[in-house]
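Here's the structure we're looking at; comments come further down.
Per-chain residue numbering starts at 1, and chain names A, B, C and D are given in the order in which the chains are listed.
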């Protein structure tokens, strides 16, 4: 029985890890690759969740599909965000930390905006698979997390391919290392960052669909996500999207194992300790590049 | 040398700047005090000062609460006010940030010169208590558990019908209900969220379990940020309890129901102090999964709770909720609004009955000594300011047809199974398992 | 000879703070100002490591919270006198600073920031799981008797917080102009270069973190008396840490005046917005103010003040 | 070997950083299919000149015209990425590789500009032939290569954009003599086999002189000498600068 429980917790932890990766992978790109500490990223995720809710209710589509539909408009939102940021902060040559003021202000504005537009209460979507678990050998896996795991892993793979196989993707990774050298390759660093921020926020659109698929949403829910998404990004090694997946899985599994052996009340403490240990032993994350 | 001169000038200039700012703030405060404390003497309105969560996490309770208060103010003024005094609501948003509460309460007291104070929730009410108690003004607390435990302020009154021993009274019914079943279940598993509600619920549950002779075979807590409950509920299931006792917040309630269904956790009695099913959006999201679950309520649209005026209030509340376009809050709203309104009704009746507007001590004594008839039923208060009796209801979801708002509205879906006095149907036992 | 003026300013300021409640009695002013001053002291303390050393601590609420819980526990549960509880709170918080420092100060900037966030979660979790500290239920604070000198507790708390702020500012001014501050600024600009020049970088960072932690702990230790009831979510709120960062930044990071100006301005706006814009839009007003200050004041408000007063920058001391 | 057609004509170029003027009216030309070496010791403005040409430093005055089949393109004032489009590629001082990208990814970064993207496969292949060591290490992170290999990679990366004019800043810096010899022969090969025009800066006269067609000497931001390979070799000034002291 105990072994079953352990396996179960590892398996669901893995699934949750895929979900965490989907929430964090956009931040890996903005924070890890182009040095924009976008603390408002979770607020964009919740915004995506509200849009996904509207789409789902209007067209009767699955929230994850709705999240996919949001990728394109959120890409544009990301572009706009970058233009605003670069014109107000980056061009002045200030450190990315100066931008934190901007993004924190934006976070509050987004929260208030969502609260007034969509209401302060909880919103949820009825989904046929909401409380379904599928058997996998002796294990029972929550279907909504199976789906979000698949979507999260697919997003990570797509991004990894984009970043390693395309000219623009490689340029995004290169711009983090040496922006001036990138300009010597014939690429405009601002354009590369514009693309990167678009991609980053585009993932928030998808992640919003997943958040809606997984549970109820509320306008101030982003605060619950901030700590976790930054932890995932740092655990994985900032700038590595595969690392974000690993970081998410480490977090998901450790939280679940803590639940089994120490009680869920300690799960956050355990993940904080793991984060601190990883930082102490391998400061650049699990996947050192 | 030059550098030192420059530095000294920097010091003096900065001190000057700081001094100017301090003077401005002081002067501003004084001016504000002067302008707002001037009130024409003849038509003194009754001012109700409210510090409430219009934004932040607790806005989902604060906004419905404030809406109900405003409906009361409109009703009262339309009827000519209280003993000829119009009522005026002065409400500040504390943004669910407790550190803002003492200053806002103090502003209401000493600048806005309100007559009575209202707060919502345990944490904010407890933070308001020291300031409010020093002022000696009546403080109405909406929905907090044990918020008066620190100070025992004798002019504090709690709106929710929890009872004189809040932790225990909040959950006692669930265990009495369980004890009444034949054969009596023996073991119980606790699952409680790590926040003030969850832990107080759990403490009360432990006492009630001891009184009822139940053995606690598992006692789980989880943080409010818990993502998924599958592992947790598997663990709980593995202890094989006769009944489950869950103290959860709205989002978690959904996750727990979903996970319990997923792992097919079927204790004989499923439920507990769950907040969440009372919210329409979550009822609709869970649909038939709620069938058979037992949870608490303060008011439900069952015939046994047809207090005078409550139905018309609910209709007006729904109208406001719908008119707010964005469906800013819960359209059915049975959890917070009726008792927020009822507490204000109680205040109206107390001021009228006591005929002591302006004398808080007298009014406090009057409230303690009288019974008030409200849309939430008869209110009487214990010394602690809690209701002198408990009227926490335990309801079971029955006859849920599907996942829509209409599947839950109206009587017959949230059947009162405890206490006997308000019973509107029989408990379906044992828990039939998960459908839909 | 000219240096000696600083202590005088300090004493005059302290005296001003101590005498004010004798003449001005509006309690709302003291309740609101207390929170503003609390942010002044926290921002000044934060600036010691974050501004001079460039190591951003996002665990301000952890230090603040450790102070609050230690004093609440000592004062409330053990009945230890307030003054001792406050100093003990500062000491424990400083010790916490040593722990954080030893474990995390070798990390590069961003990673240090994340480590402090994780440390906050850890401390919060420990409190949540410790019944003696009230777990999630919280601790109700025994209401101390009204003080003899001032009419009521809030005036005394105001004076105390005013004093803590002034002393913090004095310390910060002294550090900025001492070898510690110069060393920190050197390592902020180029840590490796500073190291090779013989600046004991790690030791300096640790000093700054411990002193900063001590001050934050002392600030936190008064908070239970102010609020009357503490529980882990409002105490270890990430919002406190963010506020302190934003205030310091828009005031002018890395200067002793910056955090004072930033906390006074933004703190006052926060207090004022909550009573003038009586709806959820009050937060939007605050956020908009943050954006405006952040966007239009490079170098912080301190830079604007300097320009307005037409003086040479104090930052260019060689 | 070198034709007389000039690819680049610099006239009276002035540039500096902040208030400090570094280049005081530099004029020079670079002939097609030649290796032109700009000599000078450290701090005389050689790198600044190349940075001006690549768009990293904006000149205060003067012009730098790239002749493009008769039509002249003014480089001064263009952005670096526009200059790459125009056909000038810089191998910067310190190589400025992307250490966390693989060798192959670095090369592909070099082919970012649109016209080069289409030809990236064949270019990749020819770089493999020109620098076999890079082909062997194509999956390795650039940061892990040796100094000589890194320099090769930097040159190869710049070539991936099919430049008309290749600018190389101090290629021999920090490399062992034997590596330098090999590097110089590769640069020579670029001219001879691929017909490239190369402008490079050097402090290492003896090595550079072996392959240079033209030489300029820069002292304190001014050109103090210009001549062909033989003249460099024989010049008194060159001797004083490089062989004495």
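As a convention for this text, contacts are C-beta pairs under 8 Å (C-beta built on N, C-alpha and C of every residue); 3 or more make two chains touch, one makes a residue touch a chain.
Values in this document were obtained by computation on a predicted structure and should not be read as measured data.
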Chain pair with more C-beta contacts, A-C versus B-C: B-C
Innermost chain, taking as reference the mean of every protein Cα atom displayed: A
Centroid spacing, where centroids are CA-atom means, of chain A and chain C in whole angstrom: 31
Rounded Å distance between chain B and chain D, as computed from the means of their C-alpha atoms: 74
Length of the line joining the C-alpha centres of chain C and chain D, rounded to whole Å: 54
Touching two or more other chains - residue numbers and ranges from chain A: 111-112, 115-116, 120, 223, 265, 268
For chain D, residues contacting two or more additional chains: none
Shared-contact residues (touching 2 or more other chains) in chain B: 54-55, 59, 194, 221, 223
Overall pattern in which the protein chains touch one another (line/ring/star/complete/other): other
Listing of all chain pairs that touch each other, if any do: A-B, A-C, A-D, B-C
Residues on chain A engaged by chain D in the complex (per definition of touch): 164, 167, 170-171, 173-174, 177-178, 180-188, 289
In the complex with chain A, residue positions of chain D that touch it: 54-56, 79-81, 84-85, 89-90, 92, 96-101, 105, 108-113, 116-117, 141, 157-158, 161
Parts of chain B lying in touch with chain A, wherever the complex brings them together: 54-57, 59-60, 62-63, 96, 194, 220-228, 230-232, 234-235, 238, 250-251, 254-255, 257-259, 261-264, 276, 279, 281-282, 284-287, 289, 324, 326-330, 403, 434
Contact set on chain A toward chain C in their complex: 37, 39, 88-89, 92, 94, 97-98, 100-102, 104-109, 111-113, 115-116, 120, 223, 226-227, 230-231, 234, 238, 265-266, 268-269, 271-273, 275-276, 279-280, 283
Residues of chain B defined as touching chain C within the complex: 3-11, 13-15, 17-18, 21, 25-26, 29-30, 33, 54-55, 59, 90-95, 97-104, 106-107, 109-111, 123, 126-127, 129-131, 134, 149-151, 194-196, 198-200, 203, 221, 223
